[in-house]
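Quick one: this structure, given as structure tokens, is what I'll be asking you about.
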Amino acid sequence: MILLKDQVAKLYNELSEEYNFFAPVKEKGFIAYRKISNPEEIELNYFNSKIPPKEILFPQNEVLFEFKTDGKNVVEIEDRKDLDEKNILFGIRPCDAHSFDLLEKFFAFGDFQDEIFLKKRENSLLIGIGCNSPKSTCFCTSIEGHPFQKDDMDIFLVDLGDNYLVEGISDKGNNIIQRLSWLSKASKADVKKAQELEKKAQDLITTKLDLTNTSDILESNFGNEIWKEVSENCLGCGSCSFLCPTCTCFDVIDENAQYENRGRRIRIWDTCQFCLYTLHTSGHNPRNSNIERCRNRILHKFSYYPLNYDLIGCVGCGRCIQVCPVNNDLRTIISKINNIKTNEENVNV
Amino acid sequence: MEKIGAVMVVGAGIGGSQAALDLADSGYKVYLIESTTSIGGVMAQLDKTFPTNDCAMCIVSPKLVETGRHQNIDLSINCEIQDVIGEAGNFTIKVLKKSLYINPEKCTGCGVCGRECPVEAIDVFNEGLANYAATSVKYPQAVPLVFAIDKNYCIGCGICQGVCKAKAIEYDRKDEEVEINVGAIILAPGFDEYIPPEGNLYGYGKYKNVVTSIEFERILSASGPYAGRVLRPSDGDVPEKVAFLQCVGSRDYTGKGKPYCSSVCCMYTAKEAVIAHEHMHQIQPTIFSMDIRAYGKDFDKYIIRAQEEYEVRYIRSRISSITEVPETKDLRIKYETEDGTVVEEDYHMVVLAVGLNPPNDAQFLAEKFGVELNEYDFAMTDIFNPVQTSKPGIFACGAFSSPKDIPDTVTQASAAAGCVNQLLHEKKGTLITEKTLPPEIFVRGQPPRIGVFICYCGINIGGFLDVPEVTKYASNLPNVVLADNNLYTCSADTQTLIKDTIKEYHLNRVVVASCTPRTHEPLFQETIREAGLNRYLFQMANIRDQCSWVHMNEWDKATEKAKDLVRMAVNKARNIEAIERIKLPVTQKTLIVGGGISGMVAALNFATQGYETFLIEKQKELGGFARHIYNTLEGGNVQEFISDLIEKINSNKLIRVFTQAEIEIIDGYIGNFKTTVIHGSKKEKTEFEHGVVIVATGAKEYQPTEYLYGQNNKVILQSEFEKLLNTSNDINDKKSVVMIQCVGSRNDDHPYCSKMCCAEAIKNALLAKQKNPNVEVVVLFRDIRTYGFKEKYYREAREKGVIFINYEENEPPEIISEGSILKIKLKTLKMGEITIESDLLVLSAGIIAKREDNEELAKMLKVPLNDDNFFLEAHVKLRPVDFATEGVFVAGLAHCPKTIEDSISQANAAVARACTILSKDEIEVEGKIGEIDMARCTGCGMCIDNCAYNAIELIDDRRFGRVAYINSILCKGCGACAGNCRCAAIDIRGFTGEQIFAMITGRN
Amino acid sequence: MNEITSESKQMKNTDDEWEPKILAFLCNWCSYAGADLAGVSRIQYPPNIRVVRVPCSGRINPYFIVKALLDGWDGVLVSGCHPGDCHYLTGNLVARRRFGILKDLLEFFGIEPDRVNFMWASAAEGERFAVLIRKTTKLVKKMGPNKKFEKKW
Amino acid sequence: MGDIESENQDIENSIKELARNLLRDKEVDVIIGYTKGTVPLSSSPVFITREEDTDKLLWNNLCYVNLANYLAPRIPKLYDEEGQKLKVGIVAKGCVGRALIHLAVENQINFENIKMIGISCNGIINRKRIEKEIGEREILETSILGNSIIVKGRDFEETFPFDEYLNELCKVCKVKSPPNVDDSCVGECLENPVIEDDFNDISDFESKTSEEKWVYIKDTLSACTRCYACREVCPMCYCNLCFVDQNKPIWFGKTTDFTDIFAFHFNRAMHLAGRCVACGACSSVCPMGIDLNLITRKLEKIVKERYNFTSGMDKETVPPMMSFSMDDKEEFMMEED
């Protein structure tokens, strides 16, 4: 199917009644996903958002429930009522779309099912768009993805210049496309153009990380000297993880209303890069320095994720590379890790 | 006869209160007897005090509250002494406690009776400038806060009896006579001010706009008749031109006033002029004075500031009469300027700087106690020990023995206490009582169970806001187990109720919503402690003084405010914890640095009391500065006094003297110092421990470079002249001796008065005249500062023909050496330029601090120096011998220039202050102090710089590295450290971040 | 999302009746005593302040003041001993530096300068205390309710 | 004076030479400097222990991280195997020197173990501004040519005048080189500097009404994600436990509600008064591009005008929050009318 560029508004108008319509907009010089009220705001000509779209389903501050008191005791707990609302995440990138897979795995792992996230995920429709020009820091192809990866979406768009090629991926997506009867049919030339764009985009990704053995190497090199080197200039800020589409750590706090007998429990993003993250009440901190904290981040994504979910905990979006204040480049770190093994193999041989 | 471990202090002004506190803190039972109905004396009437312009009430009221509450002080007001028998060590005094017609046990000081009293009577406290009721308390912050009925005005209408819900009014209450048995007596009745008699030439009493200085003081006061605005009594206008006349009733040989100098008027006048200008900038003060007697520490700087910053004009002239301009009620003053012209000026208001008289009942007291008075009716005291009266066992302090200012009074009060210590030490601790209290209930970790007691305070609270509503509100707050209200929460029966309630409801926090914690917190704390709760598990909400009384016409809003205040108190109470006060052992030994008169007097006092004492002297021999002095102006034989002291020191086994000694290290803090001394010609090293330190390092004589000193052998110093007079007859062949005053004093390098040079000059002039009546003695002076009774000798000198000529600072005499004579050229205002020929020029060299020595010692002891490198006491007015660093005291010239008698007083005072520590086996430290969370502290050191008490230092902790450490002994809990700490590593117990957070927030 | 904006219920009156609530930190030795004296002297002043007693103005951490604003108090008043009168010698001087910076910064961040006021009042200045309470109440009232920090709910 | 390009070359050469000498003469064990970043508009702090590695050192107007941070106690890595403190050589532009000196004043470091490789900094590029102006185009390469910044992408090339695109703080910087204390500085350094500053650059903002200021501040800060990159990159934010991370009580909320964001930035500013050394690193590293420099300048102005203090100029002057004077300005105290 073909969506003309000037039909985006029409699409919005048709779906925004039923769905909370989230789309990329330009805000303070950066791209952010916002629930929009005016389709003019939508900005699809962009690389990627500053903060990944995970914030739509897993916001930085999220009220888990509210409670009421009679001044002395809690008398009533009010659960979230908005979880049944339907969402459209419009115009997200394949890498970020993949991140929802990882997030889902995390929130559904083990006995505890995080209903809030899962319900929202269930009620969300992903309309993604291929990356015609990936950034130099992108490396999705190293993680079994690519700039036109459609598997994780419900509907996939390709920017053909004047219009978008629309492809229904899931049943959910196809249902929607059926409703949009006014969409025109795609021609063979359109499909071909899309394939060309896909090829061109893939070629633009020059970063190739060999992650085949990384998990194994990491498992056997917990105490390696390399961690000191890798963390040497790390400042311990949370930029990399706050902007990471796959980071899920959160903290839980309670707040009281200022003038009323009520309060709420909120979860807020946290990161393993903060020293407070693992600080025990006793004062003991098992990850007492940047060395352990940097290591944890790498291990979590490239060792624990593969072990637990059989997936790499990274989508190759490159945000952490762009944003690190001291330019502690993930690509460099991975290649350093891969290097250890080679050296040791040499020794062993 | 057996000695008694109790002391009577007569007079509860600042002096009496200080003496009582020092003794009570040292383990003596004190009976404090006051003739009026509240304590605080004159100081409580003052607005500000010189030279710091401190608010008098701010600094004195905590002291008064402490006095009123001290467990070892038995305070009786409205008393009269009936009879005294006995002798040093055992006196029996009959005291008449006159009825207040109000039962002090029941009176809560709420003041309703005073407000309802229909008879407007005169308010003594405001010096007749405001009206007050017959039922009254002396002033709002009075201690004890008990009302009294003035029967002279009372018409017996019974209204007060009707309104008093505490049933405290007892019209038929009788006087009571008691007999008190004590070992020593301190007389501190203070003074009465000179009141110009009827028909005086100043028109006082006749012209409305002529007021005395003490009346003016009340006008200045924020709590005075015009609420701090300076207005003239005739029409309430702002007086732009105010004249202050000095020496009203002082330095007066006409018989109308007193011949002596009242010592304090020059300074208090300067202060009043400054404050008047500060309160209202349009006021331009003019001060008419003879000499400006700014002889005390930092006084001269104050005078200079008054002139330069506050536009105070000084005119050297004595005014004897004033006329009123009838139309304007302005006052006309005629005076002669120094060059002889006569000027007439009009002023809007005139303030008479009235002198200090002996107390009106001086004769009566002298008779009852059997002490002698001097020629002016002040208490006669020992020539070297100014607190020792003519009768052993009876001491005098403050203005009773001579006119003096507050710090001198406080010093003398402590000195008297020091002498009592010496007399009664073996009976210390025998008569004081200690309460037995139940063991504390352990409440830590238990959920708060709060009891709230809300007070009606008669109608004081209940009449202006809805107490039942507030009670209901309180009962619904989280963790509140019980909320109740009481007619008077402070009454004795309510205390029992509170105790019972705590037990019945297992309360572990108590909140009282009533009056101010400043007066009542200790009472309630005591109550809950008696019920087994730690006294810090208490919180107060001030819904009277800061709510019902200030919103008397806003029932709803006052009720709402009271609810908020109660909620805030409950919120805090939820977060309060028991605080255990740390106790520390005290090493009952003392270190005295400096073996001059102050050091030796202190050492002997300590040793007499049985304290082992280490006396350190830098020189080879003891004696210090006074070794160069032969006699005092009053005739005391100094040399004899010193050798007597040295002999006593050397023969006392408890005193260990180190000569040629220097301190290497002083470590530690109050009660627990450790010092290493290097001493003797062989530089031996000795280390010892001690509990207190007295700094008595003295000062030195200025070595002039001016006036040809050192170049011409006819130019000598006053000390050298004294030696010449006392050891030779060289004076007999001298024709003319010229003395120059203020050499090395009151100039840019040493901007202070050396205090003793005037007396020294006059003493030596008199001796010279006595030995050789033909010798001409000329004294060139800037101001003659023979304060107090020394004025007599100034007059005597003039009578004996000593010539006094005034010179100005910027035109000093010029010395020309011509063969065997010296020519002294001088510009005078009245005579033009004159030349005096002389065969001996005597320079009155000032006293200067031993700068290097002082700096080194100050650093070791962590105590400050002032700009002139003398040691700086903790508080200029009320803590004259203490340092901010506890356990360290100062005496003698190290503090500032002073006379031998003053040094001795200070030494004894320092001993008394030290005894408040040494008398205890262990000291208990303040509970509400700072504590450091080492895990948070980064050791940046900001708190160290912010701490006024040197209580914080950096330590290397095994786990946390370099972190700050608060010495809980030294900490006073002000929180200046915690206020600045970025890491919030410091918290103040009782005012923790969490507690204050709870008060700010949680408005649900 | 779950954002319910609630109007502050602090004073349920209409605008012209609105009365500000002002949190006042008073040092124990001077200003608190001055406030007591105002009471003893029955000097009337507006019922808008709520007092927190602190040992010394030096104890007042800027957090207290910022938190009070964030928590919806319409004004904050801090009062200590006059310079030189501090019971703890120099606590108020330490505090004064802090307050100078705080006052400048608050203003720079766009908080109305009159929201936070600092004053000195001695134990003898009951009248002055009342006068300045009247003044600060007037100033805060003029600015209207502190609505900058209403947290989204 | 040459152009920026050649200035950079000179500075870089001098850094390399001084670093080599210090390592060769065993005066230091490790050099902290900057090396080339892997992405455009960046540089990367680097630790060099071998003489031959000194060639990695670089200077390029993108060395925005304040290296003093690596000596602040929060990142205590500079110890050898035995736990002995390493001797450190640190590439020091003016603000790095100031930071080190202020850290010394606060007892955090000791110059005994430190050599500053002083350089005369010629300014740091405002990379966030360039990023924003380039917008949704990818920058692949940046360079300095003459006095211009050249930014190249796949299909564009833009030129920015160097002077204009400097950090606002660098434009008004009066301390280009580190003040010399304890003779710890090699290379360019200032001896007994006296700083005069008129702070005209913020007078526009200061003259705004409260409401205008509030709108600006709110707009600027509301993007904050509270990743604390500003705090972590700040050499003066070395608390063990930052106030926003503390509990008992939790003074300020942790959410990204503006109330909580305000609390963080306001109190952080309070904590930096008289301590901030105006390096601008906080703004350079903010992932959301928040510009905190205005606040930085105001802090400098407050302490200068109130207490005549400039942070990090010498070790002897007591910082304003550690001292006080009877005569401090108190024009802000409320008085009776």
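When the chains are written out, they are named A, B, C and D in that same order, and each has its own residue count from 1.
The criterion applied here is as follows: contacts are C-beta pairs under 8 Å (C-beta built on N, C-alpha and C of every residue); 3 or more make two chains touch, one makes a residue touch a chain.
Since the model is a prediction, treat every value here as computed from it, not as a measurement.
Participant: Please identify the chain lying most centrally, where each chain is represented by the average of its Cα atoms.
Facilitator: Going by the distance between chain centres and the overall C-alpha centre, it is C.
Participant: Quick check for the class: compute each chain's Cα centroid; which one is farthest from the centroid of chain C?
Facilitator: The chain farthest from chain C, judged by C-alpha centres, is A.
Participant: Applying the document's contact definition, name the chain pair with more C-beta pairs in contact, B-D or A-B.
Facilitator: Most C-beta pairs in contact, of the two: B-D.
Participant: Averaging over Cα atoms per chain, report the distance between chain B and chain D in Å.
Facilitator: 52
Participant: From the mean C-alpha coordinate of chain A to that of chain C, what's the distance rounded to whole Å?
Facilitator: A distance of 46 Å separates the two centres.
Participant: If you average the CA atoms of chain A and of chain B, how many Å lie between those two points?
Facilitator: About 73 Å, centre to centre.
Participant: Quick one: chain A and chain D, Cα centre-to-centre, how many Å?
Facilitator: 32
Participant: Pull out every residue in chain C that's touching 2 or more other chains.
Facilitator: Answer for chain C, listing residues that touch two or more other chains: 10, 63, 67, 71-72, 84, 90, 94, 98, 128, 150-151.
Participant: I need the residues of chain B touching at least two other chains; which ones are they?
Facilitator: 935, 946, 980, 984, 993, 997, 1001, 1003
Participant: Two or more other chains in contact with one residue: find those residues in chain D.
Facilitator: Residues 241, 243, 251, 253, 257, 321, 323-324 of chain D each touch two or more of the other chains.
Participant: Okay, in this complex, where on chain B does chain A touch?
Facilitator: Against chain A, chain B makes touches at 476-479, 935, 1001-1004.
Participant: Could you please specify the touching residues of chain C with respect to chain D in the complex?
Facilitator: 62-63, 66-67, 70, 83-84, 90, 93-94, 96-113, 117-120, 128, 131-132, 135-136, 148-152
Participant: Considering the complex alone, what residue numbers of chain B touch chain C?
Facilitator: 47, 52-59, 61-62, 111, 115, 140-141, 221-223, 227-228, 516-518, 542, 544-547, 549-554, 557-558, 560-561, 564-565, 568, 874-875, 884, 928, 946, 948-949, 972-976, 978-981, 984, 988, 990-991, 993, 996-997, 999-1001, 1003
Participant: Going by the contact rule set out above, which residues of chain C touch chain B in the complex?
Facilitator: 10, 19, 21, 23, 28-30, 32-33, 35-47, 50-56, 58-61, 63-64, 67-68, 71-73, 81-82, 84-85, 87-91, 94-95, 98, 122-128, 130
Participant: Quick check: in the complex, which residue numbers of chain D touch chain B?
Facilitator: 73, 106-108, 238-241, 243, 246, 248-249, 251, 271, 318, 321-324
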